[in-house]
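Letters A, B and C name the chains as they come in the text, with residue numbers starting at 1 for each one.
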C-alpha cells in the first residue's frame, strides 16, 4: 500500500533536504518545474521518461497544495498536457506497424522544444540581472539645477506611450457612472459546467476516455476547467479512473457505490 | 587611496539631490577620516577649477554641487526649446476621447470629461494632433473633431484600427479565470480523500 | 574652439534628463558642423575614460549620459531614499523574452513561459519598460509588444544589438542516464508497469 504523501516527501527530501520549501516558491511555472525534475532525474531532455516525470510533477502539485501554495492553473494545464502525452505514448504505434511511411512526431517533441526554448530565456533573464542597473549600480544626476529651472525634461522622442493614451481613456470612462460602454465579457467555462458535462456523458455511457474529454476544447480555460472537473469528481468518489494496461488508455467510469476496496481507492482516488 | 576616495566623493556629490556638506560626507563615509575626506574634496575642487570644463563644482548653500557652466546657458536653453510636446493629464484624456470616439463634438467631449475643453482643443489643433472633420448634421451644426496623421505618427500607429481596445488593456489586469474558481482541492495524489459525499 | 565646443557638449549632456544622441546634439548646436561635434564628443569620452573618475560618460539608449561609477554603488546607496529597482524572476523572464523576440504577442510570451503573463505585462507597461507597438496582422489582431528606451536606460544598454548573446542550449549538460523505469505507477491511474516509453 502506498502512501503518496510520504512518497512525495521522500522523493524531494533526498535531494533537497530542509531547503525544500525555498525550492517550492522558486519555480516560475510548469516549465521551470519540469526542467528541475529533468535535471534532478539526470535524464536526457530529448528522451524524457514521461511516466516518471509526470508522476513526480503531480506529486509536486500535491506538495504545493499541502504547503498551502496556490496551484496556479498553468500548472494544471501542464499536468493535463503531460497526461495526454503519456496516454499518446501508450497507444500502439500504428505508423510503425503499417510500414512507418508516415512517421508521427514523438508526442514529446513539442514539449522538448518548449523546454529548451524556455531554458534559453531563463538564462537570458539571469544575464539581464547582472547588467549595471540604473538606480542599483549606477545613478544619474538627481539634483534640480536652480539656474536651469525653466528647462523641462527633454527627450529624443515623445514621452507619451500608447498605453498611457488608453489608460487615460479608461480613466475617463471609469469616472462616468453610465453603462454606455459596457463591454461583453467572453464566455467563461466553469468547472461546474464541465462536471455536469462529464457526469451527463457518464449517464449515457459506461465510460469515457481521458483523452476524449479534452478533445473538444482547445482553449486554455476549457482545458483547465476540464482537468479540475476530473480531479474534483475523483475526489468526491463519483467516478473512478482506471487504466487498461494493454491499451494504456485512461478510462473514467462511474464509481460503484458498494464498498470499493480501500487499497484500490487510495491508488486511484 | 586618496584617488579612490576622491572618486567616491565625486560620485556622491554628482548623485545627491541637494548640495553635500563636508559634515554630510563625513557621516556617509564613516570608514574614512575627516581629514582625508577634506583632502579629497579639495583635490576635486582643484581638478574642476582648471580650464573651461562644462561641469563646474560650486560651493553653495553650505555644501558642494555640480552645475553646468553658466556661460553655456544659451545653449542649454535650446534643450527645452526643441522639446517635443509634453502631455498633461487633461490633454491626454481629451486626445484619448477623440481618438476612440471620433467623429465627436466638443459638447460630447465635455460631457465625458465633465469640464470645459476649449483651451485643450485649441492646443491639440495647433499641435496638429486633431483636426476639424466638418459639421455635425444636428441643430446648431457643431464642429466635429478627429485625429490626424500626426497623431498616428506620435504613437507609431499604422492606422486607427491599430489602437488597442479598452478590453485588451483590461484583460491584462484580469486574473486568469481559474483563480476565480475559488478553492478546489487537488485530488491527484491524495491518500486521504475524506469528502465522502 | 574645440575646447569650448567640448565644454558645451559636456554641459548639455550633464543637464539633459535623458541620454543625448549625436543627432540631437547636432540639431541643438546648429551653428556647428556635425564632424566637429562628433570630434568634441569623442574627446570628451576619452577624457572620462582615463583614470577612475567618480563620474563616467556612457553610451546608453542611443545617446550619451553621465552616470556614477558602478563600483561606488555601495556608497551611493547610503544617499538615496528610494529603494533600488528589484526584479522578480518572472518579470525578468518576461522582459528577456520581449527584448529578444520583439515584436511579440502576449500569447507567444505565455507559450514560451508556460504561465499567464497579463499582470506582469501590465506592470511592465506602467513602468514604461515595454510598450504596445500596434497589432499583429493575423486573425484576432492581437497586440504586439516591444521594449522601450527606458528599458535600455535601466539596463545600461547602448541599443538592442548590445543585449547579451542568447546561448543556444543544446542539452541540459547531463549525459543521459537511463534508470530502470520499471515501477512507476502514475498516481492517477492504476494499472502499473508502464514505462512511458
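Heads up, the rule we're going with is that a contact is a pair of C-beta atoms (placed from the backbone, for glycine too) under 8 Å apart; a residue touches a chain by one contact, two chains touch by 3 or more.
Here the structure is a predicted model, which means the values were calculated and not measured.
Visitor: Relative to chain A, which chain's C-alpha centre is the most remote?
Guide: B
Visitor: Sort out for me whether A-C or A-B is joined by the greater number of C-beta contact pairs.
Guide: A-C
Visitor: What chain is most central when centres are computed from CA atoms?
Guide: Chain nearest the overall C-alpha centroid, as shown: C.
Visitor: Averaged over CA atoms, how far is the centre of chain B from the centre of chain C? Could you give it in whole Å?
Guide: Chain centres of chain B and chain C, defined by C-alpha means, are spaced 18 Å apart.
Visitor: In whole angstrom, how far does the Cα centroid of chain A sit from the Cα centroid of chain B?
Guide: Chain A and chain B have C-alpha centres separated by 36 Å.
Visitor: Between chain A and chain C, tell me the centre distance in angstrom, where each centre is the average of that chain's C-alpha atoms.
Guide: Measuring from centre to centre gives 28 Å for this pair.
Visitor: Which residues belonging to chain C are in contact with no fewer than two other chains?
Guide: Counting only residues that touch two or more other chains, chain C contributes 14-16, 24, 66, 68-69, 76, 80, 116, 125, 132, 187-188.
Visitor: Spell out, as numbers or ranges, the residues of chain A touching 2 or more other chains.
Guide: Counting only residues that touch two or more other chains, chain A contributes 4, 58-59, 72-74, 139-141, 145, 148, 151, 153-155, 157, 161-163, 166, 234.
Visitor: Touching residues of chain B toward chain A in the complex: what are they?
Guide: Within the complex, chain B contacts chain A at residues 11, 14-19, 65-68, 70, 73, 76-77, 79-80, 82-87, 89, 92-93, 95-97, 99-100, 112-114, 154-157, 163-164, 166-167, 169-170, 176-179, 181, 184-193, 195-197.
Visitor: Spell out the part of chain A that touches chain B in their complex, as residue ranges.
Guide: Counting only chain A, the residues touching chain B are 3-5, 8, 58-59, 61-62, 65, 70-74, 76, 79, 139-145, 147-148, 150-155, 157-173, 175-176, 181, 183, 188-191, 221, 224-225, 228, 231-232, 234-237, 265-266, 269.
Visitor: Spell out the part of chain A that touches chain C in their complex, as residue ranges.
Guide: By the definition above, chain A touches chain C via 2, 4, 26, 28-32, 35, 38-39, 41-47, 49-55, 58-59, 72-74, 78, 83, 86, 89-90, 114, 116-129, 131-141, 145, 148, 151, 153-157, 161-163, 166, 234, 241-245, 248, 250, 264, 267-268.
Visitor: So in the complex, which bits of chain B are touching chain C?
Guide: 3-4, 6-12, 14-16, 28-29, 51-55, 66, 68-69, 72, 75-76, 78-79, 82, 156-158, 161-162, 164, 168, 171-176, 188-189
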